[in-house]
Amino acid sequence: MTRFIIIRLLQTVIALIGIAVLIFVMVRLSGDPIDLLRSATSTPEEIENLQRQLGLDKSNLEQFWIFATGLVQGDFGESLLKRRPVADMIKDALPNSLRLTVPAFVISMVLALALGVLAATRRDTFLDNGVKFVAILGQSIPGFWMAIMAMLLFAVILEWLPTAGMGGPDHYVMPVGTMAFFMLPGMMRLVRSGMLDVLDSEYIKLARIKGLPERIIIWKHALRNAIIAPLTTAGMIMAGLIMGAVITEIIFNWPGMGRLMLEAVYARDFPVVQACTLLIAVMVLGMNLLVDITYAYVDPQIRYEKS
Amino acid sequence: MLSIMPNIEDKTRPKISGLSRRAHIMRSLTCIVPLTILSLLVLTAIFAPWLAPHDPIKVSMTERRLPPVFMEGGSTKYILGTDHLGRDVLSRAIYGARISLSVSLLVIAITASVGTILGIAAGYIGGRTEAFLMRFTDISMSFPPLVLAMLLSVILGPGYITVVLALSVLGWAPYARLIRGEALRIRNSDFVSQARVSGASPMRIMIKHIFPNVINPLIIVMTMAVGFMILAEAGLSFLGIGIPPPDPSWGSMVADGRGDIDRAWWITTFPGILIGMVVMSGNFFGDWLRDKMDPRLRQL
Amino acid sequence: MSDILLQVENLCTSFFTRAGEFKAIDGVSFYVREGETFGLVGESACGKTVTGLSILRLLPEPAGRIIGGKIILDGTNLIELSKKEMRAYRGKMISMILQDPMTSLNPVYTVGNQIGESVRLHQGLRDDMVEDEVISALRLLRIPAPEIRIRDYPFQMSGGMRQRVVGSIAMSCRPRLLIADEPTTALDATIQAQYIALFKDIQKQTDVAIIFITHDFGVIAQMCHRVAVMYAGKIVETAATSTIFKAPKHPYTAALINSVPHLDRKDDRLYSIEGQPPSLLNLPPGCRFAPRCHDVQEVCHQQQPPTVEISDGHSVSCWGVK
Amino acid sequence: MADVILEGRDLKKYYPVTKGLLKRIIGWVRAVDGISFTIERGKTLSLVGESGAGKTTTAKAVLLLEKLTSGTILFEGKDVYRFSKSQLKTEYRPRVQSVQQNPWSSMNPRMRVRDIIAEPLVVNTKRTKGQIRSRVLELLDQVGLSPNQADYYPHEFSGGQRQRIAVARALALNPSLVVLDEPVSALDVSIRAQIMNLLKDLQDQYNLSYLVIAHNLATVRFMSHSVAIMYLGEIVEYGEAEELFERPLHPYTRALISASMLTLPEDEDKGVEPIILSGEMPSPLNPPPGCRFHTRCPDVQDICSKEVPEVRVIGQQRIKCHVYAEQ
């Protein structure tokens, strides 16, 4: 088990280095990095300063070293737009993002499990067809459009909820709902199909032969096996989650990471974009690591064989 | 002599499905309806210049935010109304089909070919090549395309190429993973070792034996990707890092109307419905195709 | 006879699919005495497994349905029981061993957990007593070091050991009837011999009645007291094991036994049955074996033969047998 | 001297077992551990054993699907591993063909029967399309299928018919040796006899040599001229089929025959006690010292766990067992 985690950790680090290299190379391939790293109002003095700091006269390898050591120390440079250290800006934005993401994740997870299992066990019934339909609908309707329509309905027409911005609990309803809407359909389908596969298996037949009640067969024997397959596609779910988070923050004017990043993109504030990219990469890889550990916990074969 | 008998081992093991006639009709509807919608979309994209009543990027400041024809104040000149710059929503939507479809098809063509070649190679050759390729695939799959698109948009500047690149750079990975799994299964199958016994070369095995047997899953995934790619392009354009204005993209049309949602709902609503309808068609058709061709792939 | 434990009468089970109705079994009747082993032998898709699943009422839903007949276990017609009542019978009164030991155990739970769950459910034991019961179930199947083995996961065991665990689960509540569906087919020859010897022993200890489903006449010979031969959803011949081997009356039984090569002498050529079994979707109107039968008569193609008891306990359904 | 078509000398196949990131080798799985055999022209040799005995690995080695760790395979007296690539393509591959166990997976589901049977011809010969077509029809006829079945796909056939197609494919190039890996074990009892008879007829007709891999002893007795009994990567008994079945010597052979014997309950009452072995076959990763069978042997002696028995020739049979040391 420990060995398994260490191997995964190593792979995570390698992946991170890969992403850092990628950013570094892309910046240099696209032309003079100074163009990206300076704002329109930078004085010649500042530019010269920046050049020295980046060591643009030095070899590529040395430049990368300076770039990488900076990253490790949490030095992402200064925002070109706000003239603040990027690290500080992230410190403000990150908790706001988590305030949306975590509840949305939990809600969609619980709903996905419950609905997915129910649909699979009542195959080809009204409920199952309903879940299938909602899943396809959810995966087809653009989330950003859905959010705007919700806004139109609940905030503009009915005036039940505030339009946007951060504030009291009522401010959370629509953003969290939107984000959950991004994740739910995919997860629900995965749980359902995983369950269907497992319910066909011989060990479920054996559990029935034992005379176990359906409740135990489903929630004990089937579910644990059914979530093993969806866990392997967790990476894709995560990618969707980030897309959802950014869009939600933009639409509801939520001061989180997504908005920070997108605004930086519009302003071509490269240090901020770069820092956000790396941070998101770290979080995604960290989540994947967590998924792998869960995987090992759920599937004893992995737990034993890799230790 | 022996006659062709139905293959008893397979056919007497009944498929577990108690589909009624009504469900059966519903099932075939999930093929016909989406296929019709998708065909219409393709035709619209091809014949956009003849179909669109107006120039999609022509601004007319005197005719801003005109409601659609069925509302009070609407006219047959602008059937779906005009946007905040007085551009015809219908014409923009028709031209938008071109962008959505071409981005989506281009990306699918690139990613599917790259993914299939890498997947078959990895699955057949195995060893270190495979191990390396698969770790690379895993990392690519977990990296959010949106973030990459943002990065590219800053570095290269927004544009058609940037969008295609952003979606392609990571998009091959799911194909590679799926095809590798299939290729691996087929490589270890008896008929491939039989081909090796017959003296077939690795190239012949990959082309004649492995490729024809991965076509089914490949087609299924490609069909399902149509919707996903249209959605992805729309998302990027909505965020302003996709197709830059004034070219009409459904995603940017939704974004354009966002600020006017309380006074001109049609600017946002129509392109949104269009995206939903097309993507749903792709998904339903993909679903139907999978049930028909390879129900094993339910996980997709 | 008073010692009859299970009486199956005219059982019919069909699968309803898009292609039509598959008559998987069509009018099957037999009985099993207490403590005896009754063999159901036949080729693939002849309906032997469906018979086993019908008795447990565990046909794959919604396609599979029992459409007629009686299954009387110890005076109770199982077909008339409610779902809940039936569940109480499963595992406690009737149990079953499935064919493939590699897939019939849940991969994510320890074997102790999987046996214990059955014990807890049917015997209502306290947790501390469950473990003793589990160990004694493992011991019954002669699994070495049961105290350690209960903490193992299925993937840590060999195929032979897993099949013993499946046996432990089946026997854990000391059922009166055990349905064994090809339990030895996936095992190696010497392991198979061990398993059969073990089950004969267990039968002596517990007096459980066994329905042994197999396609292997060697296993039938070693294991069963009486045998029923199935072909295309019907029982064609029922007799004591030695009668089946020494004086088979139905042409199919005879052909089947003759087509197996001998181990104790050299055969120059094997007797072979040409053709294939009929499709269950499209059955011939007369005897189902008629298209492949060597002694076929006119009547065989037109009418189904009746089942005739030609001597005590030996019944045949064939027009050629009077 | 008999006309030997294939000889295996001291064949070994070890698979490394690795551990950790650096793939350090911590042991070897001895799948096949020093076996020797000969196959005569027009005759059948069967390799018999339980799963894990190494029989399939041996068959794969003969088909060059697995590279041996050591040992020599001589085909008509020539070392197969010394063949150049072009020699392999002309002198070995086309002459050694195979039929596999599972008729459901041994054919590309996307190819027509015609193309399946033709593949060896297309790959190895320069025949014209017309020549290939007529050869395919000829082959179909030989295995008892009709020519109008050539354009069907494999899934339209039953298991027995598919196995006939597999035989036709194996015969396409007029091979000298056919490796039959459990040719009938996936088939129904009533179909097995059809295929076994067919294989015997073809052997007589074309003077084919067979290497049969099997676990069913009755099948083996029917098919074989000589038999090698394998246990944990070794051949423990090897000899003429009739001799071996009439007078099995090695305790493992006797147990195996006993386990496969058709014994009726009343035979048992007459005192025919089946031999039941205890335990299971140990892992080939750590084979027991001395005689590999000693952990389960009913006739075990002190020496068995200490010394590896030598191969002794008794009558026509080669035995690897300490019991026969003095004889």
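What to note about this one:
We just call them A, B, C and D in the order they show up, numbering each chain from 1.
As a working rule, contacts are C-beta pairs under 8 Å (C-beta built on N, C-alpha and C of every residue); 3 or more make two chains touch, one makes a residue touch a chain.
Note that the structure is predicted; figures quoted are calculated from it, not measured.
Between the contact lists of chain B and chain C, the overlap consists of A, D. Set side by side, the interfaces A-B and A-C show unequal numbers of C-beta pairs in contact, with more at A-B.
Each chain gets one centre point, the mean of its Cα atoms, and the points for chain A and chain D are 54 Å apart. Taking the mean of the C-alpha atoms as each chain's centre, chain A and chain B sit 22 Å apart. For this pair, chain A with chain C, the centres built from the Cα atoms lie 52 Å apart. The centroid of the Cα atoms in chain C and the matching centroid in chain D are 32 Å apart.
For chain D, residues touching at least two other chains, in rising order: 158. Among the residues of chain C, those touching two or more other chains are numbered 44, 62, 274, 276. For chain B, residues touching at least two other chains, in rising order: 2, 5, 8-9, 16-19.
Considering their complex, residues 43-44, 158, 160-161, 188-194, 197, 215, 217-218, 221-222, 225, 241-242, 245, 255-256, 259-264, 266-267, 269-274, 276 of chain C touch chain D.
For chain D in complex with chain C, the touching residues are 50-51, 158, 160, 188-194, 196-197, 200, 215, 217-219, 221-222, 242, 245, 255-266, 274-278, 280-281, 296. Interface residues of chain B, counted against chain A in their complex, comprise 16-19, 23, 135, 138-139, 141-147, 150-156, 174, 227, 231, 234-235, 238-241, 251, 254-255, 258, 261-262, 265, 268-269, 271-272, 275-276, 279-280, 282-284, 287, 298-299. Residues 11, 15, 18-19, 23, 26-27, 30, 36, 124, 136-137, 139-145, 148-149, 151-152, 156, 190, 193-194, 196-197, 200, 229-230, 233, 235-236, 238-239, 242-243, 246-247, 250-251, 261-262, 265-266, 268, 270, 273-274, 276-277, 280-281, 284-285, 288 of chain A are the ones touching chain B in the complex.
Residues 60, 63, 65, 89, 93-94, 96-98, 100-102, 104-111, 119-120, 123-124, 144-146, 149, 152, 155-159, 161, 166, 169 of chain D touch chain B in their complex.
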